[in-house]
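Chains here go by letter, A, B, C and D, matching the order in which they are written, and residues are numbered from 1 within each.
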Amino acid sequence: MLITYYSQSGNTEKLAQEVAKGAKSIENVEVKLLSIDQVKESDLLDASAIIVGSPVYNANVAPAVLEFINSWPFEDRPLKNKIGAAFSTGGGISIGEELVMLNILHSMLIQGMIVVGGEETEAGFGASAVTGEGPFDGGEMNELFLKKGFGLGSRVAKLVAKFPAD
Amino acid sequence: MLITYYSQSGNTEKLAQEVAKGAKSIENVEVKLLSIDQVKESDLLDASAIIVGSPVYNANVAPAVLEFINSWPFEDRPLKNKIGAAFSTGGGISIGEELVMLNILHSMLIQGMIVVGGEETEAGFGASAVTGEGPFDGGEMNELFLKKGFGLGSRVAKLVAKFPAD
Amino acid sequence: MLITYYSQSGNTEKLAQEVAKGAKSIENVEVKLLSIDQVKESDLLDASAIIVGSPVYNANVAPAVLEFINSWPFEDRPLKNKIGAAFSTGGGISIGEELVMLNILHSMLIQGMIVVGGEETEAGFGASAVTGEGPFDGGEMNELFLKKGFGLGSRVAKLVAKFPAD
Amino acid sequence: MLITYYSQSGNTEKLAQEVAKGAKSIENVEVKLLSIDQVKESDLLDASAIIVGSPVYNANVAPAVLEFINSWPFEDRPLKNKIGAAFSTGGGISIGEELVMLNILHSMLIQGMIVVGGEETEAGFGASAVTGEGPFDGGEMNELFLKKGFGLGSRVAKLVAKFPAD
């Protein structure tokens, strides 16, 4: 499975690392963690699951992440029936964390992918982290969000172990 | 698998019937087609996949459909890892057909379900039908939309055949 | 202007009261605070602005709130060009607070209303409050969210003072 | 007021021209029609209303349009209280036309803008056009969609005439 992300400040990378830790906690699943500019088409085609992470920019997915998704192979829909999931980081509560996860899932649905969220109800759309408002302002990323990242990775890896791609 | 819908005008019921036809076209999958008021908790628990259909009311899911979803068993998350999908009918183009399918999928993601769309790219979020505007005004539901319904049912049934519930 | 809400646990009511406080802080604006079952059609027709609040139920607006919105007068679109805004309360971070505010705004856009968010960037879609997860678990509603409610009320009231209805 | 768009195939440009025609049909409103790469910061700051159009790419706004929006001045929120609206063109019915309009509006709400849709109920989120599926496949853009574009332009222009910026 492939976990890929775009990160300017390092927050989305940090969350990506937790997603990868969660995925690696499941046996017999191969896990690749790459920033989006490192991903080759073969990485996408070989993966049974793809998890994409983006920061929130003006309540939308980062343009670089959308350009990346728009570059995925589409002819004959080779990504159809692969598992897809998402994570996001934003600078305030309810400023687009939900929307960014969902907008990534929307693109995956158009590709024909099968879409899932994280382990807990509170990560239903994937893993999100808030940095920069109220109790989450400054300092380290809250343990709460790291746990959602870990749970997203482990849940998707469990599904990959159970339902290997054709 | 369970296909369930709410229909006032008959349009959503008509689309539901096409979804059921599509599902029944796949071998070895048991298909139940029920209006939401006929569904018992055991129907939900027994199903490997649940497909929900709603008309568009003011760009949102019909309240009766949301009440139905809110009544689903939640304790211990018994619907987790079941497959979920959606369909919608609306009285104009781009007045909420996308939103209604997606809002149903959002509820399913919160339940921990695994979410998919229809067969074609043009049914990425599920099957939608427009009645009541331009070329779709009056008369029968356009063949285009019936085909999306059929494709949604057959796609979900194929996934059920491949990945039976635990 | 009318501020109206549905509240089971009291959280949405508490936020509604802050929205009302904010609105009343602006001079020369008449403010009504009513639960949705107290609202008469004349309250809607007389208002220059309508602010609606709902708890998050399975990532969607509470069915009672949608039934309320679906009952609004639609013939000849008497609510067109009124100002609309929204607030929401949810039991976890990123479990639907954004979606509930936006889904209320979507219904208002279908009615032809003019839609705004709160005072701060962090209240772009309206005022949201999280109760029940992490630092927001238990006890009083965090001051952070009360401030967003106050700011939403004062912002909308300022717009009403500036742009009275026809 | 400023109408601005990104267009690869020419469809979004065509719809933009109709939006501009609609805007120009209202007296005493200055209308600029520019592709996004022609827009200078002063065009944004001078405008009382900004209408943005994008094609649908994988159910999301075109990355170039989001980059454009992300470049808008944010410090001290100089676009706050300007009117915002959106239009979109997509290659199939319900493949993201709603989402693209709404995602543009979400960014505008984060900027503090006041957001509106088109003239008719069927253009509640703005003007959308479908090219490339069923009755809309091939040939000219359907008159239905051009009318929504015109109505969006005229509605926003009427609001600008009534509520000039500070």
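Descriptive notes on the structure:
Criterion: a contact is a pair of C-beta atoms (placed from the backbone, for glycine too) under 8 Å apart; a residue touches a chain by one contact, two chains touch by 3 or more.
Because the structure is a prediction, the values reported are computed rather than measured.
Taking CA atoms, the transformation carrying subunit A onto subunit B includes a rotation by 180°, reported to the nearest 5.
In the contact between subunit A and subunit D, the residue numbers used by both copies make up over half of all numbers at that interface. Mean C-alpha position of subunit A lies 26 Å from that of subunit B.
Averaged C-alpha coordinates give centres for subunit A and subunit D that are 30 Å from one another. As a whole-number value, the distance joining the C-alpha centres of subunit A and subunit C reads 31 Å.
Among the residues of subunit D, those in touch with two or more other chains are 59, 95-96, 99, 106, 109-111, 121, 124-125.
Against subunit A, the residues of subunit C that register as touching in their complex are 59, 92-99, 101, 121-125, 128, 130, 133-135, 142, 144.
Subunit B contributes residues 77, 81, 102, 105-106, 109-112, 114-117, 121, 124-125, 159, 162-163 to its touches with subunit A in the complex.
Interface residues of subunit D facing subunit A in the complex, by the touch rule stated above, are 57-64, 66-67, 69-70, 95-96, 99, 103, 106-107, 109-111.
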